[in-house]
Structures are given as structure tokens and as C-alpha cells.
């Protein structure tokens, strides 16, 4: 039986779809953990990034936090979390929240700063108070970048949740780690495929959400040619670890 | 002029790459291998195996062989095939477990028993066609054991593994990922003791993840190793193997016949004769609890025993 | 043992300096291996990205597929990618490098394209007016002006690669990741801390060096604020 066939047989095996160790349960586990960590991270990161952007203080920190975050290997964060909090879901959750925060802080900060000073002036000139400026002018304009930050974090989290299987958590990474331990290459490869597909689905859905939440006036009318390059202050994409 | 700058920069990057590559070649044989030849010694993913590998390797090095180590190469599913296809030359095996592993791989009935010498004999019968030899078994033994927390043992009056049948259906078993498929692990617990657990949790082979899982209550019973330093330190008790699921897992070097000349064989056999379980347990404790270096512990043992 | 502490055993401090001083050779070897793995990945990544970037810049037809493919590679989690390669290329440096190089491609190609796109049209026209042929223009004008963007991408790719090298510990390589992995396997905090700190330090050094190198080769950008 060639390898592709073996992988196919692994997927066709009904036992692999049942129970706590089955594909549906592991997938849900993976998504639930990822969703929860991104949500909690957003509750922490967005107010910080938006706040710093709105008041214009502490920008250096906001920009550099992503650089620092990118420099710390997610594998290390996970193991440190385990040393601090034990094994299982708890360190995984904490590590994932920690990893999700930097891109959201940086992107929301930059999104807020990109609001044209003239637009702010005009809004204030129209009599809007500070809070109204924030909610009715700045946030809608900053929304695309805020969404971009959430999207980057979401993809990173889904990826790093794969590694959490190494510290006795579950999720789809379980198939990769157990396949490795058993030298069951079809299982390992099947796990890799599932994780890849899930990551791509999350990436594309979030891209769709990002497009939908971009106010119509800000959407580029034709494909963006002159985008900003990665690595300048604007884009803080991190590779999924 | 500008192009020159880029070229200079590029050249210095390449130079840097070449310098670091030549400066620190990790894990390759040194430039001049000794005339006596090279031996590649591998170990499993736990301290005892690394200690044993460095005991064997250190003794060989003292006899002027060139020794390469592949420490923590993996579990048996990775290491034994590596020996069969010549990627490694030697690893410290365990007579019964290795015999059953080889039997399963070759599709024959499992043959391990309670006599170490017989196990070794059978190992040799199965492996000679693969160019592998099992040398003499040591009196030192390390076999799978199943532990529960002291509290659970007291509460449920557990002394032997058979006693667990009263509670097994509600319990979670912890062990390495391969445990459900290993005859001395979950498979054996089911077939020999009739223990069917509620769940299995994939952790590691009696390592930190297993101890942590005990502590957090994620598992009720787990695989440990009988010579492990962490058992009593973690308030665990080993249950007696009253139905003799575990066979004679004496330590035995598995070595490629091509490398096993008379000097090498004699050397390794005399090491085996001097190894014993209490020493091994003490060294394991030093490595795992006191965080001493397995290689250092091996060197000390070699010195103390005249190798 | 982990977190909750082993009863009756020695508590494991976050750094045992005695271990550090006794293992300088192990630490150095890990650091060197880490640098090697990173350099190989980034250099090869650049060698692949430059021609692909030029193609994507010039050709509308190929731009989409190039970005799609490298985008997919970028999104697939590293453990998954390495595991998918192992059945074919084994537990080798080749597996590690194929994975590591794949992750650099999207970042590098994207920045090359954007950098080249950002060369003002007037400059190009002036060059053509002065008689530059297309190849000369590319090498003398377009690429130099795209350097800031390209180096920005190189910086991200390098820092990212340094982080990902740690994951290769799981397939037998690892660099500083092998110290981190050792920390996990033995519940031993010191190599974990040493591996992490050195990894972060290496990332910062690499990032600053590249930023500095960029200033050296693009003196005209020194007066403008660099990001």
C-alpha cells in the first residue's frame, strides 16, 4: 500500500471519527481553545492598543511589542507556561493568550494612528466630544487594521495550539504527536493535513470578516498594488509557529 | 560602486556562514577517526538510557574507539529500526521488551519470559539475520511498573495490580503514546489483568508529564519505571505485578555484529556484569531529581568501576 | 514536579549558574547550530525569493499563484509542515531546512514586489531617458531603491526563522530549541531559560545587524526616518 493510500485509509477508518480521541472532538477542542484565547486576548489587547492610539502616548511600546513578541519562540512560551502552571489546558490557554496579544496591540495602535489628523479635526470642529470621536470616527476607520491584527493572532493561535499537544493537551496536534510517538506516519501525516486545512480555513474566514468589516468608503476599488511592505510599521504579520 | 557594497555585504554573509559552519560542527565525527573505528551509540528519551549509553560509550572511548552519541533519539519505535538499518551501532536495550518488540515487528508470537538469559537467546535468534547481536544481560533490571498515588492506594486498599479491577472502569491510565499498543503496557493490563480503563492519556514514559498528571489528578494510574528516582519523591506507590505481566527486562546491549568484535563484546559484557539495579536507581535519581548530567554520572560510574 | 513542586525534593531554581558554567560547550554548540540553521534558511530563501519576486513583479499571470502558494506555506503550522515532510525526507537537516525556507518565502517575495513597486515612475523614466537598458535599470536603479523594503522583509524573515528553528528540536535538530526541549523532558528550568533568553537575544542581534547593514548600503535613506 503506498503512502497516499495509507493516509486515505486512515481517514476512512470509522474508529478515527469517534469518541474523545476522534477527529470531530479534537477539531472542536482545537477551535474552542483557539477561539477562547483569541477572545480573551482581544479583551486585553484591543483596549490597550486603541487607548494608546487614541491618546497618542506610549506608541513606541505599542509598535515594538510585536517585534518582541515575534522574537520569543512560541515553543518556549509554551514550555515556560507548563513550568509555571502544570500540564494540560491551563498552560496552553495562558501561553496562547500571551502570544495573541502583541499583534492585536500593535495593529490597533497603528490603525488608530492612521486616522487622518484632518478627519479628527473636522469631527471636533463639528462639535463631537472625545468619546464620540473615538466611536464614530476613529474606530470605524481603524477597524480594518484592528481586524487584521485579530486575524494574525487567530492564525498564530491555531498554529501554536498544535504544539500544545506536546504538553499533554489535546486538539488536532494530538494526531501529529501521537503519530510521531507510535511512528505511525499515516496518522502523523493525516494530523498535519487536518491542521493545515484548519489554519487555512481560519485565515480565509478571517480575511472575509476583515473585508466585510471594512467600511465601504475605505475599500480599495481595485486590487491593492502599492501596499505597504511587511516589516514597516504597518504590517505585523507573524508566522504561524 | 553601489553594486560593490551589496557584493561585499553578500560575501561577508557567506563568509560568516562558512566560518560558523566550520567552527562548530555539531554531531559529526571528528576529522580523524581512530583506526579502531567509530561506534554510534543511541539512547531513548529518558535519563537512565542516556546514562547507560554514556557508560558503554565512555568505556569504548577509553579503549580508543571513536564514539558518536545520538542521545534522546526517540522511543523504541524509532531506535530499533535505526539499529536494523545501520544508522546507529549500539543501544542499551531491555531484554523482554526488546524481544517482544522484535517479535511483533516480525509478525511472530510474543516470546518474552521471566528468564533473562532465555530472552537474550531468543533475541539473538530473531536478530542475527539483521546483523544484530544481543550481548550478555546484566543483573540490573528496569521494567515497566504501574503506580498510583499513595492516597489512592490507601483509600482503595491497593497493593497488587489485580486489586485495581475494582476501580478500573472509572479510572484514567496515563502513559507514553505507544502504551495502548504495547504488550507490557495497556494491552497487557487488559489481556492479563482484565483491566479496562475509562480513558487513556498520552503523556511521556514515566517522565515529568506523567508526574504532573498524577499531581493534577488527570490520571489515576500511570506507567513508571521500576528504577525511577521520582516515584517515592512524588508520593506514589508501585503496585505489585502479581500476575507477572512484566518479564525479565534486564539491561542488554544491542549491537551491530559488524561492530561487535571480541574486544568490544568483552568490554560491554564486563560492564553489564558490574551494573546493578540499586546503582542504576541512584543514578536516575541524581539525574532526574538533582538535575545532574547523565554523561557526568556515567563518567563517575566508569571511574569507580575501573573502566 | 512541574509547578506544584515535588515533595521532599530539591526545588528547581530558574537558573542554576553551576549548570551554565559547566555546560558552556553544550550551549555554544546549540547556539552555533541555531545560527547555521537560520543562515542557511534565510540565504536559500532569498535566493529563491529574488527570482520569484522579480517574476511576480513583472507578470500579472504568475503573481497570483506565487502569492497563493507561498501564502499557504506560510499559514501551515510549522509542526504540521515538518511532520508532513518526515515520511519523505526523514529526521534530517533537509527536512528542517525545507520547512524553514518555506516560511521565509511569502515575507521575502511580498516585500521584494512592494519594494520594486515603490520605485517612483519619474525615476524610472529619467533612467530610461538617460539611456539605461532594462537590465541595467533593474540592477542599478530599481533594486537599490527597493532595498529598504527588501531588508525590512529580511529582518522579519530572519527573526521568524530564529523562532521556528526551536521547533526543529522535535525532529532531532533544534539549535537552542534542544535546550528548551531538554527543559521540558527533564522538568529542568535552567536549559529552558538559557535556550529562551539566547534565542531572543539572537533575534535582536540579527534584527539590529540587518538594520545597520541596510543603513550602510543605502546611505541616502539615513536622513529619512527608518521604521
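Just so it is clear, A, B and C label the chains in written order, and each chain counts residues from 1 on its own.
Everything below uses one rule, namely that contacts are C-beta pairs under 8 Å (C-beta built on N, C-alpha and C of every residue); 3 or more make two chains touch, one makes a residue touch a chain.
Note that this is a predicted model, so its numbers are computed, not measured.
Engineer: In terms of C-beta pairs in contact, which two chains are most connected?
Structural biologist: Comparing chain pairs, contacts are most numerous for A-C.
Engineer: In terms of CA centroid distance, which chain is the most far removed from subunit A?
Structural biologist: Chain centre farthest from subunit A's centre: B.
Engineer: Just how far, in Å, is the C-alpha centre of subunit B from the one of subunit A?
Structural biologist: Centre-to-centre distance between subunit A and subunit B: 39 Å.
Engineer: How far is the middle of subunit A from the middle of subunit C, if each middle is the mean of its Cα atoms, in Å?
Structural biologist: So the centroids are 20 Å from each other.
Engineer: Using the average of all C-alpha atoms in each chain as its centre, how far is it in Å between subunit B and subunit C?
Structural biologist: 35
Engineer: By residue number and range, which residues of subunit C touch two or more other chains?
Structural biologist: Each of 2-4, 184, 187 in subunit C touches at least two other chains.
Engineer: Scan subunit B for residues touching two or more other chains and write them down.
Structural biologist: Touching at least two other chains: 209, 212, 215-216.
Engineer: Touching at least two other chains at once: which residues of subunit A meet that condition?
Structural biologist: Within subunit A, residues 82, 86-87, 167, 180 contact more than one other chain.
Engineer: In the complex formed with subunit A, which residues of subunit C make contact?
Structural biologist: 2-4, 72, 74-81, 83-84, 86-87, 103, 107, 110-111, 114-115, 117-118, 149, 152-153, 155-156, 159-160, 162-164, 166-167, 169-170, 177, 180-181, 183-184, 187, 189, 192, 195-196, 199-200, 203-204, 207, 227
Engineer: Subunit A touches which residues of subunit B in the complex?
Structural biologist: Touching subunit A: residues 75, 77-78, 81, 176-178, 181, 199, 201-203, 209, 212-213, 215-216, 218 of subunit B.
Engineer: So in the complex, which bits of subunit C are touching subunit B?
Structural biologist: Result: residues 1-4, 6-10, 12, 16, 19, 22-23, 28-30, 32-33, 35-36, 39-40, 43, 139-140, 144, 172, 182, 184-188, 190, 213, 216-217 of subunit C touch subunit B.
Engineer: With touch defined as at the start, can you tell me which subunit B residues reach subunit C in the complex?
Structural biologist: 2-3, 5-6, 9, 13-14, 16-17, 20-21, 23-24, 26, 45-47, 72-73, 204, 207-209, 211-212, 215-216, 230, 233-235, 287-291, 293
Engineer: Report the residues of subunit A in contact with subunit C in the complex, numbered from low to high.
Structural biologist: 3, 67-68, 70-76, 79-80, 82-87, 155, 158-160, 162-163, 166-167, 173, 176, 179-180, 185, 188-189, 191-193, 195-196, 199-200, 203, 225-233, 237-241
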